[in-house]
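I've put the structures underneath this note.
Below are two complexes that have chain A in common, paired first with chain B and then with chain C.
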Partner chain A sequence: MIRSERLKWAAFLAPALAVYAVFLIYPVVQSGVLSFSSWAGPGRPSIPVGLDNYRELFGDPIFWRALRNTVVLLVVSVFVQLPIGLGLALIVTSARRARRLWRGVFFIPTLMSTVAVAILWRFVYSPDYGIINGFLRGVGLEDLAQGWLGQTSTALFAVIGANVWQWAPFYMIIYVAALVGLDPEVYEAAALDGADGWQKFWHITLPLLRPVLFTTAILSLAGSIKAFDLVYIMTDGGPSNSTELLATYMFRQGFTNYRLGYASTIAMVMFLITFVLTVVVLLRSNRREAVEKARG
Partner chain B sequence: MTSAVVDRTPTGRQPANRDDRPLRVSRWPRAARLVIASIAAVLSLFPFVFMLLGSLKTRGDFLDHPFGLPREITLANFTGLFSADFGRYFLNSIVIAAVTVTGTVVLAILAAYPLSRFRTRLNTPMMLLFLAGIMVPVHVTLIPIYVLTQQLTMYDSIAALFGPFIAFNLPIAVFVLASFFRQIPEALFDAAKIDGAGHWRILRNVVVPVAGPAISTVAIITFIFVWNEFVFALVLLSSQANYPLPLGLNAFYGQFSVNIPGMMAALTLATIPSILFYLVAQERVVSGLAAGALRGE
Partner chain C sequence: MNGHLADHERDKGVEHMKAHRFLAVAAAAAMAVTLAACGTSGPGSSDGGQTLNLWYLSDNPTVPDAAKRFEAANPGWKVNLTDTPNDQYKTKLRVGLGTANGPDVFFNWGGSDLIEYKKSNLIVSVDDLMEQKKLADVFGPAVLQQGQVDGTQYALATAVEASMVWYNKEIFDKLGLSAPTTWEQFLDVIAKTKAGGYTPIAMANASQWPGSQWWSELVALSCGPDFWATLGTADPKIRLDDPCVVDAHQKLVDLVKAGAFNKGFNGLDYDKGESRQLFWSGKAAMNHMGNWTLTSAKEEAPEMMSKMDFFTVPAWSGAKGTSDMMTGGLAPMYSVAATSKSPDKAKELLYYLVNEDSAKDITKLGRVPVYKGTEITDPLVKKVSDAITAAPALAPWPDHVLEPEWTTEMLQDTQSLFGLSLSPQEAAAKMQAKYEQVHK
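So, the complex of A and B:
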């Protein structure tokens, strides 16, 4: 490319790149730098502390609690939420009529503001006016009615339930788009061979969807590591840290306790986990494809 | 490739039980499927319906029958909102959405053009740099952006949200637009090139006029993200007069915990714009959301 062309290339990219660099790239780097310091905010001195924050973090029981809860959320997201999303997508694509209506109905939770979802689900779980307890009392199971968000034994799964409700339809939309793009001839061939619905799903649909399954897995694990709004509003990490996630703990350390250095350390751990998991899933999906290509 | 796949109305696969199939598969799966689909629909909708019905009830009615239909429909909950600060929150959200959607679309068009129409080896690393942004958790940027906003003396102003919102929406926007620009037929460019048009004129007179679908896709997904965004607003704003809707709703929730129907009306109004956008442009929304996930495959 001649030099004047290269200049034009750069000129077109410059505005977007500038905003991107200032508000995304620089902050990530700066978080890394801050994670090696102790800082109580603008106007205060920032003290370099080397690896102290990381050392403290690995001995911090609440951090491990938050990490464990985040892993639970992640596992449920990948192994429960994605299958539900796929199930909804199969319902939509196999409907004979009104596919758009079904898709729209299922999609409403994702369209709602997370704040609205969080507040609504507090009503769902509310001990007195809650929909769930109302239902249990209605069918004669009063004994099971309880304060779902107020006790450590149920709070985490109650919050995760709301999260699955909100985001499963997002993955449904992706799977519907992928299913609609599959070649109908493959299914016709399988039908001629006498394959039943389950066999077709297992031996044709799933293998064909594999690339999409990997990408949604990546999106879903990235989503669970940054999950915040819902938990912040529903429980704020409580009761007694039973719903604490990495993101809520980072927020508490940074913006309640003004430990900006320590909070940056938690943020860097979030970043590294996302990075490593993404690379692992990408490598796995690439290797599988390579193996299959080699097999022909 | 993606938009072409996604835009097609669902026609793809045949239902499993076709009438010319041999015995075995009886009629029941169809009924069973309808039952499963209906249960899924009820589970998807019940909080939403609870919200809609609640917003139309009087407070006494709600306390007596939280789950039933309203005994008499009242709109007082909605009119009451605008004597509270709700109108202000709504307005703030509209201003924020207008600026950031416009900003994202303009910057992404400018960036997607060279990435799709210039031939240089630098395009691949540049595209990867943008795509990597999709994976960055917002929290990793929160503290530096908070500090930066203070240094720029923009703390507690709506304008503080513009930069981060645009930056976080650019990756998908650039990706969607660049893949669309790549599919524009060469023939459209040849005529302009013969006329000796420069890049700027080609972009304005050839690319943008045919890229309407991709541009509206980008605008809609950016809108939905911006309209619902919570954490940046929480960190960068402090006075209620500057709150966008999600923060306003959260504040409402603290103050109005006794007035549940009022709360439900607020949630309903906050949800309506996203749903309207979806109803008006569902194929655009769907292709936009799917674009990020189906890339390249």
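So, the complex of A and C:
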């Protein structure tokens, strides 16, 4: 009986596992192997180079720059983008009328394709024709008008701004779903105890949202580390590597320089960072849940 | 971004760009998968040896006609055409060449790529085709030489390209200016157009190669036409941190400091026409770009055909080169893949891509044919052709001499020079360091 149950599980799991193994696990393993070799592409020999790629990587200033930029993006994503998403969610759920309309309006950026978002924001930032410089000129702040994407001092934050604009509404929708599902009785009880709006948010909403906050944090972490498309289209990592991310640098090394081994080394570092961060966040959230359960 | 020659392809508009960006995004997202599954992108392989696969760049609509002429002359043979936009093509060729599904005849950029193909045994010599069709008589030695590796012919070209400064004649007339022939005059023209309320030179350098064209020309002017001759060899005569390179960098920085370019140019995209718009609309007086500007003008701003003219970047005292030398190379070039099951027929097809008929066709696009004696009717195309023919030297694009990895460094450093975030000396030192790293 038990054995046939197990066979059934296996039979149902096998197809998904097979796809997962072929398209996810195998490539990761192969990238791992490649990261210890030098390879210029199909038809060319793959030469084992031991730890050379890793040695070069840790002495490569552009890698560190890309890592730093990725960390900046990650921090902004988690500590600015998620709160904005939560704020939008609170505004939308507390709206007196036309809640659906507001939800739809705010959600539009996330529905747009990344290419469209990137091109739209390139127009917004355009030095000659852009709305930002147009506004600044219009209100007499002409001196502040600049080539936002064209100078190293502003390009990274310009790109991150567009990224926040695109993805904050995505998290808004997740938070809206969670907020709608919260038990109204808890709020009624709090109201009877005389809690004001801020206290309700701080002592009820946030703790109840914790599992969702962790999930969105993980999504946001992983999304930042593999962020590529928006930056690739808006600046291609430039000018002068000022918006280079780990993923754009990997692409440059792999598909512009044809150093597929070195690119795999960058990919492995990205994989490790994502893996470690995800495990840490998951463990923390599990431990907290366990602690809270024990407390009753 | 190597392969300047074909970059004008991108003028075709946002459509292509979107398509190739999407592909690039997909490629990166699934990089490991792509690597594992390489060689699945080509069309079906030939059955019975009666089909040939031809891969070419989508910027050249004359290719299908050439293929038809080949088919008409070779009954029973069919050509499978696969056209791809520029950047996408590079990746496609990288994973497809040398596989069973790869091309028989394919477009390439010659230079360092060709040497690499030869080293990896991916291409076959076309010396026998040269002999058979007496091609040494119809292509000049300089043209043939760019398709050779160690004296053996591996590629043949249809057209030649070079970069120059295009200017708006109406603006120059209005300000009483004429095309400069010395560096001082050039700076004067920049100052006067700026004073006249124009952007002196339109520039869009987010993708870095437009800036690298300046770099290539200024370095070739500063160090002389022989600069590149030995750089690709084991024993370079002039180093990349030579004072002549630093001097060229200084000239570049001088242009930026003189306010020669529009604001924020390092973030603007040539692919999206952000520099051409300024030039076409008359906001900018000049535009430094390849002769494919003619092809762009025909498509985007036909009225400019009668309003513009060009001059070559002038030399300064102390420069080893002269004002009439140019920087450029051949494109399109074609080679025969070593995996072709019918190499003789593939060579025949290659011949149809570069012969007199194809030369005539490509001239109509505003490009400059290399087949001797091809008639050119458009006066501006004729003028470009004459300038290239008369040039005492045609220095190659640097990415055609050196490796992609070094090219990336040069592109980044040049962009930093333009952004004034690297000094002339620092940029030269970085380029030399990367050169040594790649050549160790």
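Heads up, the rule we're going with is that the second predicted complex is superposed on the first by the 276 of 296 C-alpha atoms of A that agree within 3 Å, B and C clash if a C-alpha of one lies under 4 Å from a C-alpha of the other, contacts with A are read in each partner's own complex, and residues count from 1 in each chain.
Convention: contacts are C-beta pairs under 8 Å (C-beta built on N, C-alpha and C of every residue); 3 or more make two chains touch, one makes a residue touch a chain.
What you see is a predicted model, and the numbers here were worked out from it, not measured in a lab.
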Partner chain in contact with A:Leu141 - chain B first, chain C second, else both or neither: neither
Touching partner for A:Thr235 - first (chain B), second (chain C), both, neither: second
First, second, both or neither for A:Val280, with chain B first and chain C second: neither
Touching partner for A:Ala189 - first (chain B), second (chain C), both, neither: neither
First (chain B), second (chain C), both or neither touched by A:Leu7: neither
Chain B versus chain C as contact partner of A:Gln151, first or second or both or neither: second
Contacts of A:Pro127 with chain B and chain C, given as first, second, both or neither: second
Contacts of A:Tyr26 with chain B and chain C, given as first, second, both or neither: both
Broader residue contact with chain A after superposition on the shared chain, chain B or chain C: B
First, second, both or neither for A:Phe107, with chain B first and chain C second: first
Overlapping contact positions on chain A, where the chain C interface meets the chain B interface: 23, 26-28, 30-31, 34, 41-42, 114-115, 119, 226, 228-229, 232-233, 247, 250-251, 254-255, 260, 263-264, 267
Residues of chain A touching chain C in the complex: 23, 26-28, 30-31, 34, 40-44, 114-115, 119, 122, 125-128, 145-152, 155, 226, 228-229, 232-233, 235-236, 238-241, 247, 250-252, 254-260, 263-264, 267
Chain B residues touching chain A - in the complex, by the definition given at the top: 5-6, 8, 10-18, 21-22, 24-25, 29, 33, 36-37, 40-41, 43-48, 50-51, 66-67, 103, 107-108, 110-111, 113-115, 118-120, 122, 126, 130, 133-148, 150-151, 163-164, 166-168, 170, 174, 199, 224, 227-228, 230-231, 235, 245-247, 249-250, 253, 260, 263, 267, 270-271, 274-275, 278-279, 282, 286-287, 289-290, 292-295, 297
Interface residues, chain C side, partner chain A - complex: 1-2, 14, 18, 21-22, 24-25, 27-33, 35-36, 38-39, 90-91, 94-99, 116, 120, 122, 205-208, 262-269, 272, 274, 278, 283, 404-405, 408, 412, 415-416, 418-419, 421-422
Footprint of chain B on chain A - complex, ascending: 1, 5-6, 8-9, 12-13, 15-17, 19-20, 22-24, 26-28, 30-31, 34, 41-42, 87-88, 91-96, 99-100, 102-109, 111-117, 119-121, 123-124, 129, 131, 134, 165, 169-170, 173-174, 176-182, 184, 187-188, 191, 194, 196-197, 200, 211-212, 215-216, 218-219, 222, 225-226, 228-229, 232-233, 246-247, 250-251, 254-255, 260, 263-264, 267-268, 270-271, 274-275, 278
